[in-house]
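Take a look at the structure below.
Read from first to last, the chains carry the letters A, B, C, D and E; within each, the first residue is number 1.
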Amino acid sequence: HADTPVKFTLDWVFQGPTSPFLVALEKGYYKDEGLDVTMDPGQGSAGAVQRVASGAYDIGFADVNSLIEYNAKNPGKEILCVFMAYDFPPFGVYALKTSGIKTPADLAGKKLGAPVFDASFRLFPAFAKKVGIDPKSVESVNLTPQLREQSLVQGTVDFISGHYFSSVLDLEARGVKLDDLVVFTYSDAGMDVYGNGIIVSPQMAEKPEVVKGFLRATIKAWKEVAANPEIGVAAAKNRDPLIDEALELRRLNMSLQMNVLTPYVKENGMGDVDPERFARSIKDVADAFGLPDAPAPEKVFTDYYLPPKADRMVAP
Amino acid sequence: MPSPPLVELKNVSLAYGEGSERMLALGDATMSIDDGEFVAVVGPSGCGKSTLMKLVTGLLPPTGGEVSVRGQPVTGPIKGVGMAFQNATLMPWRTTRDNIMLPLEVVEPHKRRLRANRAEYIARAEALLASVGLGGFGDKFPWQLSGGMQQRSNVCRALIHEPQILMLDEPFGALDAFTREELWGIMQALWLERRFTAVLVTHDLREAVYLADTVYVMSRRPGRIVKVRTVDLPRPRTLETTFEPAFVDIVHELRERIQQEHAE
Amino acid sequence: MPSPPLVELKNVSLAYGEGSERMLALGDATMSIDDGEFVAVVGPSGCGKSTLMKLVTGLLPPTGGEVSVRGQPVTGPIKGVGMAFQNATLMPWRTTRDNIMLPLEVVEPHKRRLRANRAEYIARAEALLASVGLGGFGDKFPWQLSGGMQQRSNVCRALIHEPQILMLDEPFGALDAFTREELWGIMQALWLERRFTAVLVTHDLREAVYLADTVYVMSRRPGRIVKVRTVDLPRPRTLETTFEPAFVDIVHELRERIQQEHAE
Amino acid sequence: MSALQRRAIRLAMPWLTLLALLVLWEVACIVFHIPEIVAPRPTRVFEVVIQRWDLLLRFCLETLWTTLIGFFLAIGFGLLLGLAIGASPFIYSGLYPLLIAFNAIPKVAIVPILMIWVGIGALPAIITAFVISFFPIVVNVATGLATIEPEMRDLMRSLGASNREILVKVGIPRAMPYLFASLKVAATLAFVGSVLSETVGGNRGIGFLMLSASARNDSATTFAGLFAIAVMGVGVYAACALIERRMTRWAFRGELVR
Amino acid sequence: MSALQRRAIRLAMPWLTLLALLVLWEVACIVFHIPEIVAPRPTRVFEVVIQRWDLLLRFCLETLWTTLIGFFLAIGFGLLLGLAIGASPFIYSGLYPLLIAFNAIPKVAIVPILMIWVGIGALPAIITAFVISFFPIVVNVATGLATIEPEMRDLMRSLGASNREILVKVGIPRAMPYLFASLKVAATLAFVGSVLSETVGGNRGIGFLMLSASARNDSATTFAGLFAIAVMGVGVYAACALIERRMTRWAFRGELVR
C-alpha cells in the first residue's frame, strides 16, 4: 500500500541544528515507518505555527512559546506539541563589549534591535523582569534577520536578541569574536522556558500511528546526529549545496550542547518535558506576551505520542 | 405614387457642448432624400455640413427635430452606410489595402464570406485602388501616402462594401482638377450601375452639379437649408456637359445664392 | 545685377524608404526662388509637392542634388520659415488661440518678447483669427472646429510670426469658393505689405495665377519640373483680374500642360 | 437608462462591488470554517479598525507622508529621466537595460543593504518608495515620447525649435496620458515600497504595525493594516485620476468610457 | 558621425555603462573598505558565478519558467480585463478602485496566505508573478482604449460595427504601444513576484538560493543571484522590445529615438 503523505515545515532554512530531520528523510527512516514526508523550509516560528494551524502542513518544527501564544488566543482550536526538541531555549541578548554594557541591568534605557517575530525578542519582557529592569525603558527597533547583526556592529542599536547559535556565528562572520561580546542567555537569567518542539495539526493528532512513526524516525536520526554531527551536516549539504560545512558543524554542535543534550535530557531522554517547569514556563510566557489567561499545559504539550523513555536516550 | 423618402430630416438642430460651452452648429435643417437619389450639400465653411452627415447616418443624436430613415426614427448608427469622412482617418497600423478592406471585415454579408473568398475580395480592393490611380500602393502604410492619395483611399474604403447609402464629405478636395474630374466620371458610372443613395458635401459647385440630382445650399452657422435646386440634366453627364449653358446656369445660380449668404 | 536667389534647388531628388521599399518621390527638381518672390507649385496628386516643400525648408535631406538657401547648402531646418502643412496638425491639447500662438513661443524675437507683451500678442492672434473668419473661436479646441476652420487656423499659425519664407501646402483646399477668394485677397495684401518669399502648393490654377509671380508645373511621380510660367500681371490683382483674358490665358496654358501630364 | 441614473450607478458601483466582495469573504470564512489566523472575517477586521482607530491613524499617517514624498520624487525624476531616455538614443541605449535589470531585482533584497547605508527610519522608506515607483513612470513617459507623431515634430522643426523645445511643447503634453497611466501603477507601488521598508527595519509606519501584529498572531490587526493601505492607495489614485481628467481632457475626448 | 558609427555606439552603450558601474562599485568597495558581507566586490560575485555556474543555472531556470508562465497569464488576463475596463464604464467604476486597492497592498503580506491555500512550490510563485505583473497591463491597456480618437470610433460605428468589433479592430491595435510599455514594467515585476514567493516558502528557484545564502551570510552568492535575476529580466525585456518593434512600427514611425 502507498505511504501516508506527510507535509512537514521547518521554522527556518536548512541548517545544522535542524539537520536530523533531513537525515531521517535521506536515510529513509520515515519511509520505513510508512510515511512519505515532504520537507520545506520556513519563515520563523510564528509562520510555522500558522502553517500547521491552517492545515497547509501536517507537522511542524516551531518554538513552543509561539505555540503557547497561539493556543491562548485560539481556545478550542489548540495545536499540540508532541515532542520537545530544545530542552533549553537558545534565546539570548548580545551586545558589544565596547558599548560598556556589562550586566543585564545596563540594558535599561538602551536600544534593542531584532526581528519582531524573533522568539528572544518576544520573550524579552519576561527576561527584563527576571533581571530587574523595566522592559518599557528599552526602545526596540524591528530589524530583518539580515540586518540584525550588522546593525549591532554599526552601532545602530545597542544590543540585539536572537538564537545563540545564529547571532554568535553571524557576528563572528562580521569579525566580532565571542570575546568581544557580552552574552546574556535567558536560561542563565533563570528563565527556564522551553525552546522548539514538533507540533502537529489537529487532523494529524487523530492519526497517532503516523505521529508516533514520525517521532520514532526523527529520534533515531537525532541519536545518530548527536553521536556523529558530521552526518547531519552532510545531509544539510545534500539539500542545500551551498552551505559552509565547517560553520554548520559548529552551529550544530552549539545547539546540541546548549539546547538538546541538557542534563535533563541525558537523564530522562529527549522529547518529554518536566511538567512542573513546563507549567511555570507557560505562566512566564503568558506574562511576557500579555496574554489574558495562560492555557493549561495539557492544551500545549502531550507525551501521548512519545516512544518509551528507553528509546529516547539520544545522548551518546 | 412616389416611394417614401429614404432619409427624412424634420427641423433638425444640433448643439455641441453643454452649459456655457453650448454652441448651435446646425440651426434648422429639413430635407428628404429619396431612395437612389444623389444629393449634394454646399455651404460656407463651418456651417454644419459634416454635422449634418453625422446626423443623417445616426452617428450623432439631434438635439432638436427628428431624423428618420425608411420611416423609422434614427436612434443609432444606421446600417448599409459607406462614409468617407472629411479627414481620412486611415488606421496607421494597417496597410492601405487592409484599410480599405476594413468594411469587408465588419459589414455583412462580406464579413461572413471574407475568409472563404479572400482572394476575390483582395482582387476587388486592388481593382478599386487602381481605378483611383493607387495601383501598387496597397502595401504602403497610410503615412507613406501623400495627402491626395490618402483621400482617395478614404473614398475607396467607403465604396468597397457597395453600401446602399454613400456619404462623401469633401472627398476630392485635395486632388488636382484632372484626377478629380476623372473620379467624377467613375463615381457617376458607379451610381448609374448600382443606384445607391448618395450625399456629397463639396465646395466645388461644378462637382455638385455634375454629380447630383438635388443640390442643397446651406446658410452660415448655425446652418439652415436656404435653397434646394434640382438638377435635371440628362445622365450620363460628361465633361462636355459642364460647358453647356444649362449646366453653367445652375452653377451660377448656386454661386449667387452662396455669395448672398457670404455677403451677409 | 539681380540679387542671388534665396532658395536654390539643383537636380534635387528624394527617395523614401530603403532597400526594396525604396521609392523615388521626387525625380529631378531644379528651381530657384528669389527673395520676395511668390511661387506656386502645381502638379498631379502624389507627384512630390509636399516633399518638395520639406526639402526647401530643410526638414528632409535630399538623397541627390543640392538645396541651398542664401548660397549656403541646407543641412537642417532653415530659420525664418512659416509653414502650413497639408494636414493641419494642430495640437489637441491647446486651444485654437494657443495653437496659432505656438510660433511666438519658439521663434525669436517673439519668444523673448512674449512674456512682457502677452496682451499685445494675444490681440494680434485674435485679429488674425478674425481676418480668416474665426473670430470668437480662439477658446475652442481644434477638435471642436470644422475641417475648414482647422485649415484656416493652420494658415494663421504659419503667418503669426511674420516669417520671411512662407510655405503653404494646399492651404485653402477645404474652403468654399468665397472664403477662399477672400483669403487670396488677404494673402496678397500681406505679401504686398511685407514682401516675404512664399511657396504655395495648390490644385487650383486660378489661385496659383492670382497669387504667384512664377508657377512651376510638376510631372507625375517621380516629380520633375516640366514647366515654369512667369505671371506678369500687375499687382494688386483683384477678382476682376481673374476674368481678364491675360489671366484666363495663363490658366489655360497651365491647364493644358497639366492635362498633357495627366494623359501620359 | 437616463444619464442621471447611469451616473448614480457609476458612483455606486465601486461600493457595491466592495460590499459584495466583503460579504462573499465573510460568508466564505463562515462556511469553510477558515481559521482567523489564515483570514479573519471582515467584520472582525472592522471591529479592530474601530477599536484601534487612533493607533491605525497614527501609523497610517507616518506611512502616508513617506510614501507621498517618495512618490513625488518618483514623478519628478521619472519624468526627467523618461524625457531624457525618450529624447536621446544614447541615454536610451545606455540606461534602459540597466534600469530594467535593476527593476527585476526584488527590492526585498536591496532594502536591508540600503538600511545599512542610510540607517533606519523614514529615509529608507522614502527611498524605497521612490525607487520602486520610479520605473513605470520612466517607461511610460519614454514610450509617450517615442510615439510622437512625426508631423508634430516636423512642425516644430520647421519653426527652428530646439530639441528641448520640441520636448517641452510637444513631448510633455503628448506623454501626459502615458504619464497618468503610469501614475496609477506608481502610486500603488510607492505604498508597496514604503511598507516593505517599514517591515524590513524600524519601528514606524503601518508596515511595522502589521508585522508586529502578525508576530503576535493577531491577524485581525494585520488585515486592518492591509485595509488601511488599500484605502490610502485608492485615495492617492483618486487624486491622480482627478488631475488626469483636468490635464488630459483632449486625449480622453472620445472616451469609450463615458 | 556616420550612421554606422552611431549604431555601433548604440550597441556598445549598455555594456559600457554596465562596465563603468561595475568598476565604480569595485573601486568604492576597495576605497571605503566595505566589508564583503555588506556588499561584495563585483569581481568576487563573478568568481562565485563562475564557480557555481551549474547550480545558479539550475535555480535560474526554475525561476525563469515560473516567471514566464505567470507573465504570460498576466498578459492574457491583463489584456482581457484592460479591454473590459476600457470598454465598459460599469466594469471600470466597479473594478478599478478594487484593483488599485489590491495593488497597493504589499504582496509580501499576501504570499504566506496564498501558500496556505495552494501549498508550496511552483504554483504560488506563478500566481504571485501573475498577480503582481497583471495590474500595469490592465491600467495601460485601459488607458490606451480610453484615448482612442473619436474619429476612429465614428468610422467604425458608421459601418455598424458592434462594440466588440470596435474593440478588436481599433481598440487593440491602438492600445498596443501602451501594452508594450506596460510589458516592460510587468516583466520586471513578474520576476519580483516569483522571487518573492520563492523566498517566502519552498526550496526552489533563485529566490530560495538567495535566501539561504543570506541566512549563511554568503553575500557573494546572494549578489550572484541578484545578478542572475537582472540578466533574466533584461532578457525578457529584450524579447518584448523585439516584438514591440515588429508589432507597433506604425506608432514609432517618427521616433525621437532613431
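Throughout what follows, a residue touches a chain if its C-beta (ideal position, glycine included) is under 8 Å from a C-beta of that chain, and two chains touch if they have at least 3 such contacts.
Every value quoted in this text rests on a predicted model; they were computed, and no experiment measured them.
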Legend entry - subunit C and subunit B - chains in contact with each: none
Inset, instruction - Can you check how far apart subunit A and subunit E are, centre to centre, with Cα atoms defining each centre and the answer in Å? - result: 38
Legend entry - Gap in Å, rounded to a whole number, between the CA centres of subunit E and subunit C: 48
Legend entry - Where subunit A and subunit C are represented by their mean Cα positions, the distance between them in whole Å: 85
Inset, instruction - Pull out every residue in subunit B that's touching 2 or more other chains. - result: 87, 143
Inset, instruction - Name the residues of subunit E that each touch 2 or more other chains. - result: 38, 116, 149-152, 214, 248, 251, 253
Inset, instruction - Note the residues in subunit A that touch 2 or more other chains, in rising order. - result: 50, 54, 146, 150
Inset, instruction - Spell out all pairs of chains that touch, sorted by label. - result: A-D, A-E, B-C, B-E, C-D, D-E
Inset, instruction - Spell out the part of subunit E that touches subunit A in their complex, as residue ranges. - result: 35, 37-38, 52, 55, 112, 115-117, 119-120, 200-203, 208-209, 211-218, 221
Inset, instruction - Provide the residue numbers of subunit B that touch subunit E in the complex, in ascending order. - result: 54, 57, 59, 77-83, 85, 87, 89, 91-94, 102-103, 105-107, 141, 143, 161, 167
Legend entry - Residues of subunit A that touch subunit E when the two form their complex: 7, 12-15, 40-43, 47, 50-51, 54, 56, 145-146, 150, 170, 173-175, 239-244, 247
Inset, instruction - Sort out for me which residues of subunit C touch subunit B in the complex. - result: 16-17, 42-46, 48-50, 86-87, 133, 144-149, 152, 169-170, 173-180, 203, 205, 255, 258-259, 262
Legend entry - Parts of subunit E lying in touch with subunit B, wherever the complex brings them together: 149, 151-152, 154-161, 165, 169-170, 173-174, 176, 248, 250-251, 253
